[in-house]
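Take a look at these structures.
Common to both upcoming complexes is chain A, partnered first by chain B, then by chain C.
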Partner chain A sequence: MKHFALFDVLYLGQNLETRIKDFSLNEIQILSYLGCLMSIYDGNNSSDWGYFFSKNNSGYPYSIELSNAMELLSNKKMIVQSSKNNEYFNTGATGIDFIDKLSNQLSIYSNRKQYLDVALNCITLAPFGVIRTALLNEPVLTSAKRKSSILLLEESDFATNLLYAQFQELRTALNNEFESLLIPAFTWLSGNLNHQIG
Partner chain B sequence: MESKFCDIVSNLFIAKLEKDFGFEGIERALFLANKIKSVYDVIDIRKFENIKIVTSLEKYRTINDKLIGTIYELNSSLELVTFSPSKSIFLEFTESGKIFFSEDDIDTESIKGLAIIYEKIGEYEYFHNKTDKDLLEPIAGIDSYFAPNTFKSLDEALEHYKTNVAKNTTCYILRGIWNDDNKIKIVDGSSEAIMRNSLCQFLRHRLRGLREVMPEQNVNERNPVDIKVFWNNTKHIAFIEIKWLGKSISNTTYSQRRALEGAKQLADYLDEYLQQNPNVVSNGYLVVFDARRRKIDSPISELTVEDVNFYRDKEIAYQPKYEEQRDDFAKPLRFFLNANLSN
Partner chain C sequence: MFSFPKLTSISINNFSLYEKEGNIELDFINGVFCLAGANGLGKSTFLNLINYGLTGIVIDPSKDFTSIVSTSKFYSLNKKFAHKYFDGRVNEIDREASNIRLTFSIGDVNYEIQRSLFESEELTSYSRKIDDIDTLTNDLTNSELFSSYCQHITNDIGLASFDQFVFLQHFVLSFDENHYLLFWNNELMETSLYLFFGVDPNEAKKANELRKDIKRFGSNIRNYVYHKNKLIKDVDNLKSNIASESDLKLPHGIQEEFEELDLKNIELDKDIVLSKNKLSQTNHKISEKSYELSQKKAEYQSTFDNLFSENNNNSFLSDPRVITSLLDLKKEICDDKKTDENFKIFYTLIKDGFCKKEVNKDMGFDELKVFDKAITELEEKIKVEQTTKFRIETEIKISNNELINNSSRIFELEKEYGDILNKLSELAKSDYSGVLKVYENQIREKSAEIEEIREEKANLEKEFKKIERVLNKGYNKAEEDFIPLFNKYAHNFLGLEVDLKLRNTSKGSTLVLIVEDTERSDFFQLSESQRYFIDIALRMALIEHSCNNATLLVDTPEGSLDIAYESRAGKMFGDFVDLGFNLIMTVNINTSQLLVELANKCKSSKMQLERMTEWTHLSEVQYQEEEKIINAYKRIEEILINR
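Right after this comes the complex of A and B.
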């Protein structure tokens, strides 16, 4: 079990709750993947994220680590089902205590929090469905739809290189003029959607 | 060649906020966005012609003392906002939890540069920068960038689309079906495709747990389905068949028989699909956009409210009632499209 995955589920889950009342594994996967891409945009390697993503049968980003973390947290009652529909969860009291301790005491999470926050702030400033649609149009996921290979963001993959080229183009266009990572995030997502978001 | 990203960022409201107000401007905009959502959770945003929601750039300062109008402090409840009869509302939120409210049309020009100002005029949303205001590019299928409505079930989403989108044709894509602002006759040719695209965008942006919403080209009566909805992590699939009733500008007329044919086509399609895909759980939805009007060929000036609303409550009598005979057929939905005689 990767501890980063445990942190991400609880951190994203708790913050998703304040925005859309509850959360699903699928929504955690999407936001974590967006956070990972923003970390790459910021100059980190995909392997720095702490776990890998593959593509699931639906063509969505999927990490087995996040899935295992959800299962463990559910078994420990740190997250609890929010409704009869067993797909959606809320953070339980013990989960909230745990994430508070992790956030405050362990600086190893502070770096990734900024990228998770970018993903979360995207859905503060625009509807989740719009961000999801834009993300699904990015080069790596688009290319993965047509492939049997399921690991995403492999360095040797043409689509990963296409993503890196996009990010380089984006950096050039923004010319270091902005401090907030939300600006490259929205600009890039709008480019994927071929429609201005915001 | 200039990058497409240059164009996008030059029109991006948060980019302008950071340029004008620095990183703090973004932080304050995020604070304000959460407050806008809390307001939109409790009001019907369509009720208001002008909504202004602001927060000071200085976290713990109020800004409303610089404004002219009757502005009063609320307790923590937004109940007064929910039931306000005014067409214009103004709200200020502070970091310390204070809320100020006005039902006057408050002019915020004097606080430009001192506050983050969000404004909704009709269906258009803006964030003000120091000198101007930036339009948030409208997105089909959403009422507002900050409207909270998302749906876990397709039934719930379709019900919302019926009442909040189709009824008064509030989606800019769907508006393309009308010949004029009176919304009496449908345009020819592309109207069904327009309805399909509008509903597709709505579902794509509002449904949770979604894998994909696919518009289909219905090439013949054996393959009539307009939209396929796939769910994540399940073998469920929903088929949506769209029909419209009413009259087009070139006199194509569809009566309720068209809806009955649609129901039969969908049932046949579901049978065929089930035979070929026995492991998939499929559900069929018939969606009828109803633009029927009594005396539709009369000059618009002679049409009455009774004429244009004549079919509003006239439900279609389906025979057979597939939804009672089979588990995979939802109760057909009729979206009555209001006309507008005030133009």
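Right after this comes the complex of A and C.
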């Protein structure tokens, strides 16, 4: 179990809860992948994220580390199933206490929080389904759909190069003017969506 | 989509090597034409004749495409070789009359060409008909006929230049005796990718020329730097000779300036050496701290894991206290003694030591805080060292510039007081100053040239990147259709999961082969026969993906194939032919299952077997075993006619 994955589940989970009442593993997977892409946009390597993503059977990004973290947190009652159905969770009291400590008393997570926050803010600007569809049109996931290999964001893959090129173009177009990553993020997601509609 | 020539007939006249048959006249059926023979009869020559007929060249093995890179240069460098190649295969008496005639179609255009084996840039006859109507004007000379043919065939195929056709015909549409492999030759693969994946043929040509120029500039820069360094060394030697051979002094003031500059340069040299030492120490510190950081991160992870760890039975069962206690109990039970006391001890041991307890999260968390603090501090230290590193690098750069400025002032002084140097040189009985000036000028010129070439190279690379992006986009679009096509052929042959990945590197773009989730980019990662057939599979997939029609030429592919793969290879060829593409192959007539499987799949409607042993005289050994050879032919011919 990677501690970054466990942090991401609790941090995203708790923040999703304040926005949309509860959260699911699928939502966590999509938002942490978006967070990872934001970290790459900001100049970090994909391996700096702390765990890897692959594609699942439906072509969406998936990390076994996040899935393991969810299971562990559920066993420890740090997250509990919501009344809605089995797939949805709420953060338990021990979970709230733990993420509060990790988030506020340790420095190791301060960088990734800004990327996860961007991902979370995106779903206040557009419905989750729209964000997910937009992500499916990004070059790495588009290319992964057609491959048998499942690892995403490998450094030498041409699709990762295409993604880097897209991010470079976006940085140039926005002239590096925005301090917050939210505007580049949302512009990029909208671009992917328009690409699909067009 | 490209349309490549679909061969319909061949006629080889006055070709001395095939002496028994006289002139060879063959019609090709739709499907497989298989020229079956024995060693040394001229099977490879037959395929080279076809390629010569179509392109006017036979590949000179010493003109390797890897070092040439450009398709146009490759074509022009290989034009002369056919002459030498046919010299040993055609007798003097047949030389004038020897020629080859080919008929073929490209879409609905029918071609008929004839050329001498010793005039590669001429055609002795040429017709191009659409619906039986000839499209050519009369009264053209033989070389005009050839130019006209080059232009027509390039347009009809859908390419930008005849040299592109020459490249594709020899390296993609042929698997010849040289066994050039696309997967393990970056230059061949990249040139093919640009032509097959959505890049306009004109742009593909531009990419190919740019790649050639970038490679050339890279090698020029290396040469120039080598020469410049050599010149600098020569100047140093010359100067030390002058100094040692004279004790003349320069005029007042100049001497001091010289000495001052010289001293400064010595100091600067020392400073640079010191700074370089500091830089290496800083680099050492960075790597030390980075290692420490990775350890702290691992310890952080392990402490984090402990916060969530479960009690596990293995640690209980292997605990020495548990074992001792159990043995005590066992002894008491066996000796019929009272067990109350020892049982109580055992109970307490389990209760205190091994029963699940609420983890003291606060204690674990405090430990996490310690590691977190250490990680933050280490990251901070690394950041500081990196700032130091940047500062030292800047200092070295400044000192280097000062060194260059001082040297150029010394150079100016030398120029101004050249007469002294002349005297010095008179003393030394050599014109050192003149030689020095020539050297210094050469060094300056070389430096300027190097900068100029670097700039030009950078501009070319920028331009190349633009076309590379078009390739990436084109491949991205085509990948969905292309990978399954390749998979179909390759999986049928290998029986393993295969995948492809387009990779952009500074050396060029290439397709990387992945077998069972492992990259096979080094040639030794597959056996020879696996490499050959995977490469043929790639060509078939490229043809199926991007061509309306084509004829693939394959030279004795079964050579290194083991028995397990023979019938799979036959099936792979059969699948290709089933799609309407043509295959002309040469094989050794033997007991191989490849021919049997192919004959079974195609039957006589789609496969034609030509006995090559009737074309030329056999060796003594072959003659003694002729019956076996005839029986092998009969076996395949029977399979072809049996329903």
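The rule we apply is simple: the second predicted complex is superposed on the first by the 193 of 198 C-alpha atoms of A that agree within 3 Å, B and C clash if a C-alpha of one lies under 4 Å from a C-alpha of the other, contacts with A are read in each partner's own complex, and residues count from 1 in each chain.
Operating definition for what follows: contacts are C-beta pairs under 8 Å (C-beta built on N, C-alpha and C of every residue); 3 or more make two chains touch, one makes a residue touch a chain.
Since the model is a prediction, treat every value here as computed from it, not as a measurement.
K.L.:
Is this a clash or a fit when chain B and chain C both end up on chain A?
P.N.:
After superposition on chain A, chain B vs chain C: fit, no clash.
K.L.:
If you stack the two complexes on chain A, which partner ends up touching A:13: first (chain B), second (chain C), both, or neither?
P.N.:
neither
K.L.:
Output check: A:180 vs chain B and chain C. Expected answer is one of first, second, both, neither. What do you get?
P.N.:
first
K.L.:
Counting residues of chain A in contact, which comes out ahead: chain B or chain C?
P.N.:
B
K.L.:
In the overlay, answer first, second, both or neither for which of chain B and chain C A:95 touches.
P.N.:
So A:95 meets neither chain B nor chain C here.
K.L.:
Rounding in steps of 10 degrees, give the angle chain B-chain A-chain C taken between C-alpha centres.
P.N.:
120
K.L.:
Please indicate which partner A:59 is in contact with in the superposed arrangement: first for chain B, second for chain C, both, or neither.
P.N.:
A:59: touches chain B, not chain C.
K.L.:
Of the two partner chains, chain B (first) and chain C (second), which one does A:35 touch, if any: first, second, both, or neither?
P.N.:
Once the two structures are laid over each other on A, A:35 reaches no partner at all.
K.L.:
After the superposition on A, what does A:129 contact: first (chain B), second (chain C), both or neither?
P.N.:
first
K.L.:
In the superposed arrangement, does A:172 touch chain B (first), chain C (second), both or neither?
P.N.:
It touches chain B, and chain C stays clear.
K.L.:
Rounded to the nearest angstrom, what is the minimum C-alpha distance from chain B to chain C in the superposition?
P.N.:
The answer is 12 Å, the least C-alpha separation in the overlay.
K.L.:
Considering each complex separately, which residues of chain A are in contact with chain B in the first and with chain C in the second?
P.N.:
No residue of chain A touches both chain B and chain C.
K.L.:
List the residues on chain A that touch chain B in their complex, please.
P.N.:
18-20, 24, 26-27, 56-60, 83, 85, 87-88, 121, 124-130, 132-133, 169-170, 172-174, 177-180, 182-183, 186-188, 190-191, 195-198
K.L.:
So in the complex, the part of chain C that touches chain A is made up of which residues?
P.N.:
300-301, 304-305, 308, 361, 365, 368-369, 372-373, 375-376, 469, 472-473, 475-476, 479-480, 483, 497, 499, 501-505, 509, 514, 517
K.L.:
In their complex, what parts of chain A are in touch with chain C?
P.N.:
Within the complex, chain A touches chain C at residues 1-3, 6, 72, 76, 98, 101, 105-108, 139, 142-143, 145-149, 156-159, 161-162, 165.
K.L.:
Enumerate the contact residues on chain B facing chain A in the complex.
P.N.:
The touching residues are 3-6, 8-9, 11-15, 18-19, 22-23, 26, 29-30, 33-34, 37, 136-137, 139, 141-142, 145, 147-148, 150, 152, 204-212, 230, 232-233.
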